[in-house]
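Labels for the chains are A, B, C, D, E, F, G and H, by order of writing; each one numbers its residues from 1.
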Amino acid sequence: MDEWLVYLSGEIHTNWREEIEAGTEDADLPIVLTGPVTNHVFSDDCGIAILGKEEKSFWKDRKGAQLNAIRAKTLIEQADIVIVRFGNQYKQWNAAFDAGYAAALGKPLIIMHDPELTHPLKEVDAAALAVAETVEQIVDILRYVIRGELKPMSAVSAAE
Amino acid sequence: MDEWLVYLSGEIHTNWREEIEAGTEDADLPIVLTGPVTNHVFSDDCGIAILGKEEKSFWKDRKGAQLNAIRAKTLIEQADIVIVRFGNQYKQWNAAFDAGYAAALGKPLIIMHDPELTHPLKEVDAAALAVAETVEQIVDILRYVIRGELKPMSAVSAAE
Amino acid sequence: MDEWLVYLSGEIHTNWREEIEAGTEDADLPIVLTGPVTNHVFSDDCGIAILGKEEKSFWKDRKGAQLNAIRAKTLIEQADIVIVRFGNQYKQWNAAFDAGYAAALGKPLIIMHDPELTHPLKEVDAAALAVAETVEQIVDILRYVIRGELKPMSAVSAAE
Amino acid sequence: MDEWLVYLSGEIHTNWREEIEAGTEDADLPIVLTGPVTNHVFSDDCGIAILGKEEKSFWKDRKGAQLNAIRAKTLIEQADIVIVRFGNQYKQWNAAFDAGYAAALGKPLIIMHDPELTHPLKEVDAAALAVAETVEQIVDILRYVIRGELKPMSAVSAAE
Amino acid sequence: MDEWLVYLSGEIHTNWREEIEAGTEDADLPIVLTGPVTNHVFSDDCGIAILGKEEKSFWKDRKGAQLNAIRAKTLIEQADIVIVRFGNQYKQWNAAFDAGYAAALGKPLIIMHDPELTHPLKEVDAAALAVAETVEQIVDILRYVIRGELKPMSAVSAAE
Amino acid sequence: MDEWLVYLSGEIHTNWREEIEAGTEDADLPIVLTGPVTNHVFSDDCGIAILGKEEKSFWKDRKGAQLNAIRAKTLIEQADIVIVRFGNQYKQWNAAFDAGYAAALGKPLIIMHDPELTHPLKEVDAAALAVAETVEQIVDILRYVIRGELKPMSAVSAAE
Amino acid sequence: MDEWLVYLSGEIHTNWREEIEAGTEDADLPIVLTGPVTNHVFSDDCGIAILGKEEKSFWKDRKGAQLNAIRAKTLIEQADIVIVRFGNQYKQWNAAFDAGYAAALGKPLIIMHDPELTHPLKEVDAAALAVAETVEQIVDILRYVIRGELKPMSAVSAAE
Amino acid sequence: MDEWLVYLSGEIHTNWREEIEAGTEDADLPIVLTGPVTNHVFSDDCGIAILGKEEKSFWKDRKGAQLNAIRAKTLIEQADIVIVRFGNQYKQWNAAFDAGYAAALGKPLIIMHDPELTHPLKEVDAAALAVAETVEQIVDILRYVIRGELKPMSAVSAAE
């Protein structure tokens, strides 16, 4: 296995994907990161932009969501690991949907969110092999899982 | 196939499950309805009540959510049809998780919610074979799917 | 195995389903026959009748076809044998779709059509374990497959 | 994932495959296009040409169709995306069969046809994540799904 | 699990199936025995008897073998245990084919043959969870597997 | 779903299976309990008792273990829930093997052991949806999962 | 798909594998041919040569056959196409076993044998997408399936 | 297939993995060896080192074991062959768990242990295609399976 395919699902309003990319590049990990289209306007409008306008927002949304599903379904099914981040705002039901989808496929699942979301996310977390709060933890997990390395400092603090 | 197994996931604060039960019994449909434990306190506390208390809410929630997962996983996998209702309040990430789980298993999925949730639920709806707003529609769908019957009035109005 | 589940897909303008039912009942075969909703108007209108009208015929058709898919998908996946009949008229793309769907699931497939359709149906026939022309042949196949019985006459003529 | 495998099923009497190839090459998309043998005579005659003549057209067709199935089955199962085009003529049952086959395998499905075929193709369309009318739309979908790009003009018109 | 489904594949020239049936009935085991059509003439002629004569024996055989496959495929896939007996005569390639088919499905496989066939059957035996020589052993295996009982005598001799 | 199939794997030197049976019968739960043959001598000797003696203990063990595998494999694959108990003595590698087997099949897994085994069993526990110490907890889990009921006392203590 | 993996099972006493290799190299087909170990002595003795001698031929054969199964199982599961040749001599039950194994996995299957084996191989042939008699036909099939090319002469003769 | 992926599970207190690596490199076999993180402290502490300390050893172990599971699950599912070594000390339940996991996935399984562990490992061995005692045997198996080669000496001794 030359490269690990890691799908990054969920929040699109912060730059956590770029931070993970920077962190895993710094660590020189053999990872290919994939994820949804994160341009919010494109993601909402792709269906009608390509396939024609709709009167009803229901069908506009359906057309767009189904195009996004072509990408998400394909990349999640090919992923070795699926990471889903929940931000503190918004419904983010698509993130939870992706987590359920990945869980049913038996993909190793890592969930990332702030501690105050612990209770509402408990069923999602319960399907995960790791629940992280920071990008640094995500990078550390990937480094450990792929290379078997722990950062000196954390190893030390663990041994305390 | 003597009976259709239908799993009802999602909202636990209204009596939509009882209404579906009443409606499908009125219609004399050969259906067995299943679903999660809907006693909210039990659902939250089951883990520590049975397996012992925890200092951290994270582990309390984990213990409970994993017990609930034994039930949900088993019943969703056995279901012929999965229906997921989203209420207008709350995060309901477990509902979206169940929808994703069922979708990945290839279960026919029916989503039920009010029209104002159309946009945030678009990815979930896009995986569904029907999106309904009312219990009456759900019962009509089940009657049609199982018995091939349309209610006279709706047939008439459709033919207009 | 107490009963064989047999799904009858395809043509809805002749009474071949009733004839198979009569034939298998005469032969006292332990079979449960299933199939799509055969009321053509209902099949076309179910979506808008239950879930509300649509301006565009595309979405009207989509809504109805997806309700029909809940039934077809469930019953084909549960079937032991899938029989698909093509009439001499109409596009009947749903019949060929069902045949492909059943083939990918590994279901034993029996195709029924008149000889003049042999060439256009060659890819569909090539996925089948039997290609029949008459209801009598279908009943004979089911009797043989389930009970191991050949009708005296055909056994005789075979031995000529 | 370096390249997306896209299987192009269906109509063989127009040059839509070449147009998609040209369009995706123009867009420099990392795609490998596959499909059936599109030489009509070869497709019909391959069985008897290689494995010997047959008296009956039924067996001639069977031999050829089974050789074609070796190719179609293998390439559809390996495809990331399956695109099926229906022309306005002919039965094209093999196209609908491929669509059903791909649907049962859970492949993201894109259907392409003229609007007048909407009603007879409704069950096939209902299994698709996109229904397109033109090659340009197909290329736009692939560009969006793979690169997350919308063409400026369509983005503009969508934002109107 | 109320009943164990046991498929008996292979030799049709001795009455080993009847002996297993008698033995498991004597032992009052909750077993349903299934198997191929064992009427040799019917098994050979079913295709042409039902679906019409063929000039070439190749197609006669194909038609019949495909009808037999409807039965074998369905019953092997539903079986809990597959038992395959090889006699000392004949090619019996269908028996070895069934063994391979069952092995790929992960069915527990019991092979029955005389010791002199050990070497040519070594690959088949290597996929089996038991290799028996006599009907009595088969019945003893089923009694042990289903009820956890060993016959007194064999228990004694084992303890020697 | 009329009855839940629960496979009880692992320790055979205490009567925990009988206690679970008594507890679930007291609670009137719709459960069918299955498990390996628990007669230790039979379990060790079945292979040679039925299929003939062996010089080498390796082959004696192989013969017996493969017969036991017919039972275990079949019943684990049919189980809705798999419960594995580790006692404080013995290697019990078959119990850990069954846990891994059930985990790979996606079966909900409950592990039962004393607290002092927490560290050596950590990989096994990590695949489980519940880790219990007592039979009473197991019965409480099954009652909650199947009936949604918590025992009054534990509900009270949880609410403290 | 850069290369097609083709597994060649069956007869090891003629040089048909080398002929196919020569033919597909001549045709410059992007194929990787795999197959069992064809050194007969090695194939028989590998188990005891590596893992130690056995008194009983049954266990000698078991040890060897299981080592061969590591190779066969892995390579058949990775194959795109499985070709099985039956010679006119020997039982060749392993060839029929491989054919059944490949069929249950849904692999496109090509069977090769002389016409006089048609009747005893009818169940095996019935699972195949092509039944060939000569190496030339096999190479022609692979050329057609992979490149869509028919040899001029055969195309001509087919058109007669 | 360019390279065989071989997962080495089990014992981490001897250098058997390095010996297999040296042996397969000497033999120039196209193998990629994978396995768990073998730094015992890291393996135990990774969870709390990365994701934060825990009061209870149960949750410390859970956190770590679940991180290790991300690696093990991914690499075992990608492996062509899984080799599990049991040392003479320790419980090694994770090794038996991996063996069960690999067996349920249908991976060819090779078990390695000293002869005195034959009886307690009998259920694990019964699921294996080879049971070896030494690293040399493992390397010989891989050489034979991948290249079809037997070492001269062993071939000679086998032929005695």
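Following the convention adopted for this analysis, a residue touches a chain if its C-beta (ideal position, glycine included) is under 8 Å from a C-beta of that chain, and two chains touch if they have at least 3 such contacts.
Not measured: the values here are computed from a predicted model.
Novice: Comparing each of A-B, E-G or B-C with A-H, which pair has over half of its contact pairs in common by residue number?
Specialist: Overlap exceeds half of the contact pairs only for B-C.
Novice: When the contacting C-beta pairs are counted for E-G and for D-G, which pair yields the higher total?
Specialist: E-G
Novice: Determine the centre-to-centre distance between chain D and chain F, using the mean Cα coordinates as centres, and give it in whole Å.
Specialist: Whole-Å distance between the two chain centres: 50.
Novice: Go ahead and note the Å separation of the Cα centroids belonging to chain B and chain D.
Specialist: The separation of the two C-alpha centroids amounts to 36 Å.
Novice: Whole-Å distance, chain E centre to chain F centre, using C-alpha means?
Specialist: Roughly 31 Å separates the two chain centres.
Novice: At which residue positions does chain G touch at least two other chains?
Specialist: 66, 69, 106, 131, in rising order.
Novice: Would you pull the chain F residues touching chain B in the complex into a rising list?
Specialist: Residue positions touching the partner: 1, 4, 80-81, 106, 108, 110, 129-132, 137, 140-141, 144-146, 148-151, 154-155, 157-159.
Novice: Quick check on the complex: what are the chain F residues that touch chain E?
Specialist: Contact set of chain F toward chain E: 5, 32, 34, 37-39, 41-42, 45-46, 48-51, 53, 63, 66-67, 69-71, 73-75, 78.
Novice: With touch defined as at the start, can you tell me which chain H residues reach chain F in the complex?
Specialist: 57-58, 61-62, 64-66, 68-69, 72, 86, 90-105, 115, 118-127, 131
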